[in-house]
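Reviewing the structure listed below.
Order of writing sets the chain letters: A, B, C, D and E. Residues in each chain are counted from 1.
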Amino acid sequence: MNTTSQPVIVAEKLDLTFQTNDGPVQALRDVNLTINKGDFVSFIGPSGCGKTTFLRVVAALEHPTGGQISVNGMTPDEARRARAYGYVFQAAGLYPWRTIEKNIMLPLEIMGYSSDEQAEHVDRVLKMVDLEGFGKKYPWQLSGGMQQRASIARALAFDAGILLMDEPFGALDEIVRDHLNEQLLALWDRTGMTVGFVTHSIPEAVYLSTRIVVMSPRPGRITDVIESTLPRERPLDIRDTPEFLEIAHRVREGLRAGHAYDD
Amino acid sequence: ADDVTLQLKWVTQAQFAGYYVALDQGFYEEEGLNVTIKPGGPDIAPAQVIAGGGADVVLDWMPSALASREKGLPLVNIAQPFKSSGMMLTCWKDTGIEKPEDLKDKTIGVWFFGNEYPFLSWMSSLGIPTDGSEGGVTVLKQGFNVDPLLQRQADCISTMTYNEYWQVLDAGVTPEELITFKYEDQGVATLEDGIYVMEENLADPEFEDKMVRFVRASMKGWKWAEENSDDAAMIVLDNDETGAQTETHQKRMMGEIAKLTAGSNGALDEADYQRTVDTLLGGGSDPVITKEPEGAWTHQITDKALN
Amino acid sequence: MTDATMTAPARSTGFGRAVRGTWNAVFPVVVVVSVIFAIWYAACVPMNIKAALDQAERDGVIVNPAGATARDRRDMSAIGLAFKNPEQAGDTFVQERPRLPAPHQVARELWKTTGDMVLRGKAFSKRSLLYHAWVTLSATVLGFAMGTVGGVALAVGIVHSRVMNMSVMPWAIASQTIPILAIAPMIIVVLNSIGITGLIPKAMISAYLSFFPVTVGMVKGLRSPDGMQLDLLKTYSASQGETFWKLRLPSSMPYFFTSMKIGMAASLVGAIVGEMPTGAVAGLGARLLAGSYYGQTIQIWAALFSAAILAAVLVGVIGALQRMTLKKMGMVR
Amino acid sequence: MNEGWIVGALAALLAASYVNIQVANSEGRDQAISRFFVPVLFGISLLVLWQGIVRGFNVPGVILPAPSDIWARFLASTSILWQDFVQTFVKGALSGYVMGAFAAFATALLVDRSDFLRRGILPVGNFMAALPIVGIAPILVMWFGFDWQSKAAVVVVMVFFPILVNTVEGLRATDMMQRDLMQTYAASYWQSLLKLRLPAAMPFIFNGLKVATTLALIGAIVAEFFGSPIRGMGFRISTEVGRLALDMVWAEILVAAIAGSAFYGAVALLESFVTFWHPSQRRSR
Amino acid sequence: MNTTSQPVIVAEKLDLTFQTNDGPVQALRDVNLTINKGDFVSFIGPSGCGKTTFLRVVAALEHPTGGQISVNGMTPDEARRARAYGYVFQAAGLYPWRTIEKNIMLPLEIMGYSSDEQAEHVDRVLKMVDLEGFGKKYPWQLSGGMQQRASIARALAFDAGILLMDEPFGALDEIVRDHLNEQLLALWDRTGMTVGFVTHSIPEAVYLSTRIVVMSPRPGRITDVIESTLPRERPLDIRDTPEFLEIAHRVREGLRAGHAYDD
């Protein structure tokens, strides 16, 4: 359990403005954030506040128009080339011409794992997301929730130091979600990786995170960063403790501040 | 006035000067005819046009007309303004060809589309196979122009004395570089550019009368054209809608055409007819026509028109 | 609403952006075209060298390799001959009937038969390509209209009738394997024999060639609404007609324009082909053929390019219509 | 005029339509047998109508022969037809198709690597694609000779642009997320080409390949009009029209239609194997 | 308000089997359910348990392969033709060539409302979902959440007796979701319409419903029907009452029974 304070992602005065036909859109403004090794940081905020954009900047899929960002002491692009990231997108995005198994193997093939290793990794992650026996199916033969789980498995199949997840559990029902939350926490605990996690669910954010970043739109910015006081060891029923409810309440207050209706 | 539609065998050029002159000089009008001349082209089979009712009277070469007749389309020659054939084979001298027998093993461009019959008859009379077998000639379907010769894709090509031959010379080739074989000289000439109508129409006195007037006026046109060669060429040029013909070429062509029409008053010469038929029947293994045709020509019109 | 959406980009992006956008579109084309011209000029030398040498020899010049006859040169490499006779290279750009005319020869011919004609007030004389382009254009547009209407009607039938879908589609595909270009002359004769003459037969060949892309595109387009969009209308208990007007037709618009572009190009080819068996008296097809009869390569190339330019203009017009319509529909972002 | 034939033909057409409507609306309409039966019956009824019109109106054989005459000619001339088929389809169309497809494919990969090239070549390509074949064919015959090589060259020119345009479009058809995924893996150009963009482009590429099948055959046939050896489908068609042997002309057209449809069908079959995953290939609803 | 016990939707021994390439899929088996006028019934259950399918059968978009179903005493098809339904799909499904306003007008045009009425209805529902001022925009100019709200507005624009909603709030963040939940309850209360509502969120189901139907997959069937004891009048903080938590607990238990992992 290495909770050393080694910074992994450091953003300073980050700005990102999209040029669109209707004029510029400030997706991120003056974002300052340091994420340390082993942190589990959740991002929460209304639609359009820049959560996805921030994750994309970290993964070098988008380039900031101002400010600084470093990942593992490198630029995000160098980190990407060093294969530092696992990324789970908001939609499953499986390749329809590959079976589930082959989809999960995709990053392994690209990163040059041996075929034995590939098979082994695939088995391990398929079990983790409860999809044993579905490896040989094609994506369209699975329900939306199962596809989403397969895409999570794909991101977990290789050992990335940084896992970025964009609303990975949005399409899942509560029970499956609870189950995957537990699995994810266990994995995080075991591997000590750094996680950036976008969600719309306050309980989920509180249950999973060491830190919760609350964002607000137009322009997209960080309005609050809440440190969790919960222990690392978190059974599901920790969600009924007053401490949990207290943090959830703070998050909700922070969120509400970003919305228009004050009723 | 009575309407008559004439389908030409080829595009507007001095080859058809007589008809354009008759139209232009009002000879048709004098006969009470309202004549429409339809130009032909590489894909137009006059026989098919007349069968489809697209024309009352067509110009065609006799081999093709006789072949159509055997196919069940009863065309009848009612007049023959062209006395002699303008077809010839034009070869590069440097290929070593000096006499017809040297054509063996050479590549020869031939016009198809019903114009191949004279060539096939000639070859079979020479005993040279054309089907690609040993000791024969390699036959190409020649396109519309003389490029195959100029590009040396063929050793010889078919040309008309009045048209393609001059195009070869226009391209800068000198007559000394070439050797030509006229079908007339080889004794295998077949009749060209005759006037044909459908047999069943001839029984109709009204149609017959129309044709009498048509042939009379046309022949008047031809004679005018022979005498006023350059003016006739200009009339043709005025009637060319493509705007692609040139004055020099048409004037020259008219001069050559006059040589072919000279000696014909319009009436078919039976001897010429018989020679054509014999040539075609002598077609060896793949004769153009299989039996002596009957009723393929008549003097019914020319007798009335010219006397 | 229309006005606002139409002017919006210009207002917010400014003139400079528009110019830069045009430049970005044009510059690569200019570069590619220049490269093509360079290759074209270079290719003229070996393509035309043999004729140039033959002519030079007739004029008394001694050409390399000395002693070889025209017959011998036929079998030699053209590039080799070009290198051995650099003095004759210049002759390859000025021939009257080249195998490959040089770009400036084609351009001069184009100018002579278009712009120059206009300047001399003979824009619509028989020797003007504008006149011939106009003749071709009228058959193209009529045929295109017939083909588009027919193609759309067929597509509507196929989408709405199961029998038509099952029985017609395979034959529509088979119909395109018939070499209509090859039998166009016969078609003209057949149509003539049942009394159809003039512009219509040509237009019908155009229509035959253009209906297929339109049908295929429109069948795709009319079927492009997804299950949910269709189900939505079902919950409103919308009629077939309403489903067609409010859903199928609007969603098919992008497909419609794309297939119209293909159909227009096909229609032009049809018109050109259709001109030949009508006596090839007027039109770009007639020009192509006339050039061909007399081995006027430069004239062929000029007619060829005017046909392509005409096609580009027609397709461009449809493209402009497409942009206008889709913008009005809010489907361009 | 012979009313019996016309009435009979119309009756046959109506009867066939009736049967087809019944089949198309029946339970078993999605079975392979009905998929085969309905279009075939429709085609047969059209042929019967044709026969009825020709016989009923006594259309001369030099204008339009009856299907029965065409069939008889077809059976009597199989060896000539076969020889023409080999010359035009196998040597001209097929070889040109393969060469054109490979050339287009290679160009597409090249164009795809550089945005500059794409923006430069595609408009020029579209312009060239609009050059009418009837103008190109005589030029190519002049350049490449009378045999099948010039026909193949015409076919190359005809199929090149549809395949190029479709392939380029296909290579750009991946959605953003799929490409981003490859980015996060730091995949190389070739990795992302092989594993993502080519498979995703396949439906588009096959669209181009299918269009090109019919173009290839037509191109090879028409090119023969401008000069050919004395065999080949285009040669035969143009020659036999001049000889008024229209039954032979239509027998060649029949061969063209069969060969063209089979070619199209073969490519479509290949497509269904390669792009089995694409929604248009999965008939569920 | 009218809580008469007049049955609106009556399903008896409903079966629905899809024939697929991989063999038959039993999407619904032996489903018996009666929904009365004015009921608010939520459907909850794991992915693939047949929630969507059941809603589609009610709306006559799918035909059962066995059993009986009647709507307002008619067949679903007749009810559909009588325009009994408003339907909100799992995805927004707006027509991209229509502005938001025009999208909302679509059903009104088809049902023959006058243009005055159309304008009035559009204004009313746009306000209801907080999209005033966006009527003239095209769908792609809006964020995903806003699109989803527009599609809800579209279903509310005409007066259907039965409102069927398939995870309408799935793509929205918690604050917006709370707000719309309140709005929806108010509307339901005011109009007395009957609502069928699919959700993955237990609190949402409990907060909104008079009855919660728990389903379970393979084959899709009803495993539990929980009657809510909550009053009709429900402020947001009713969610912290023991009564609420008790019902939520029952739902969670019911749901868990349908899942594989018993940890």
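Note that a contact is a pair of C-beta atoms (placed from the backbone, for glycine too) under 8 Å apart; a residue touches a chain by one contact, two chains touch by 3 or more.
Computed from a prediction, not measured in an experiment: that's the story for all the values here.
Any chain bridging chain B and chain C, meaning touching each of them, is among D; the list is complete.
Top-ranked chain pair, ordered by C-beta pairs in contact, is C-D. Averaging Cα coordinates per chain places chain A and chain D 50 Å apart. Taking each chain's centre as the average of its CA atoms, chain D and chain E sit 50 Å apart. Taking each chain's centre as the average of its CA atoms, chain C and chain D sit 19 Å apart. Touching two or more other chains at once are residues 63, 138, 142, 225-226, 238, 241 of chain D.
Within chain E, no positions touching two or more other chains are listed. In chain C, 99, 185-186, 189-190, 193, 276, 292, 333 are the positions where the chain touches two or more neighbouring chains simultaneously. The residues of chain A lying in touch with chain D in their complex are 56, 59-61, 80-83, 85-87, 89, 91, 93, 95-97, 106-107, 109-111, 138, 140.
Partner chain B is touched in their complex by these residues of chain D: 60-63, 138, 141-142, 145-146, 224-230, 235, 238-239, 241-245. By the touch rule above, chain B contacts chain D in their complex via residues 42-43, 45, 47-48, 51-52, 64, 67-68, 71-73, 112-116, 130, 132, 138-144, 147-148, 151, 153. Across the complex, chain D meets chain C through its residues 17, 20-21, 23-25, 29, 34-35, 38-39, 41-43, 46, 63-64, 116-121, 123-124, 126-136, 138-139, 142-143, 214, 217-218, 221-222, 225-226, 233-234, 237-238, 241, 246, 249, 253, 256-257, 259-261, 263-264, 285.
Listing the residues of chain C that touch chain D in their complex gives 24-25, 28-29, 31-33, 36, 47, 99-100, 162-163, 165-171, 173-174, 176-183, 185-186, 189-190, 193, 227, 265, 268-269, 272-273, 276, 284-285, 288, 292, 297, 300-301, 303-305, 307-308, 311-312, 315.
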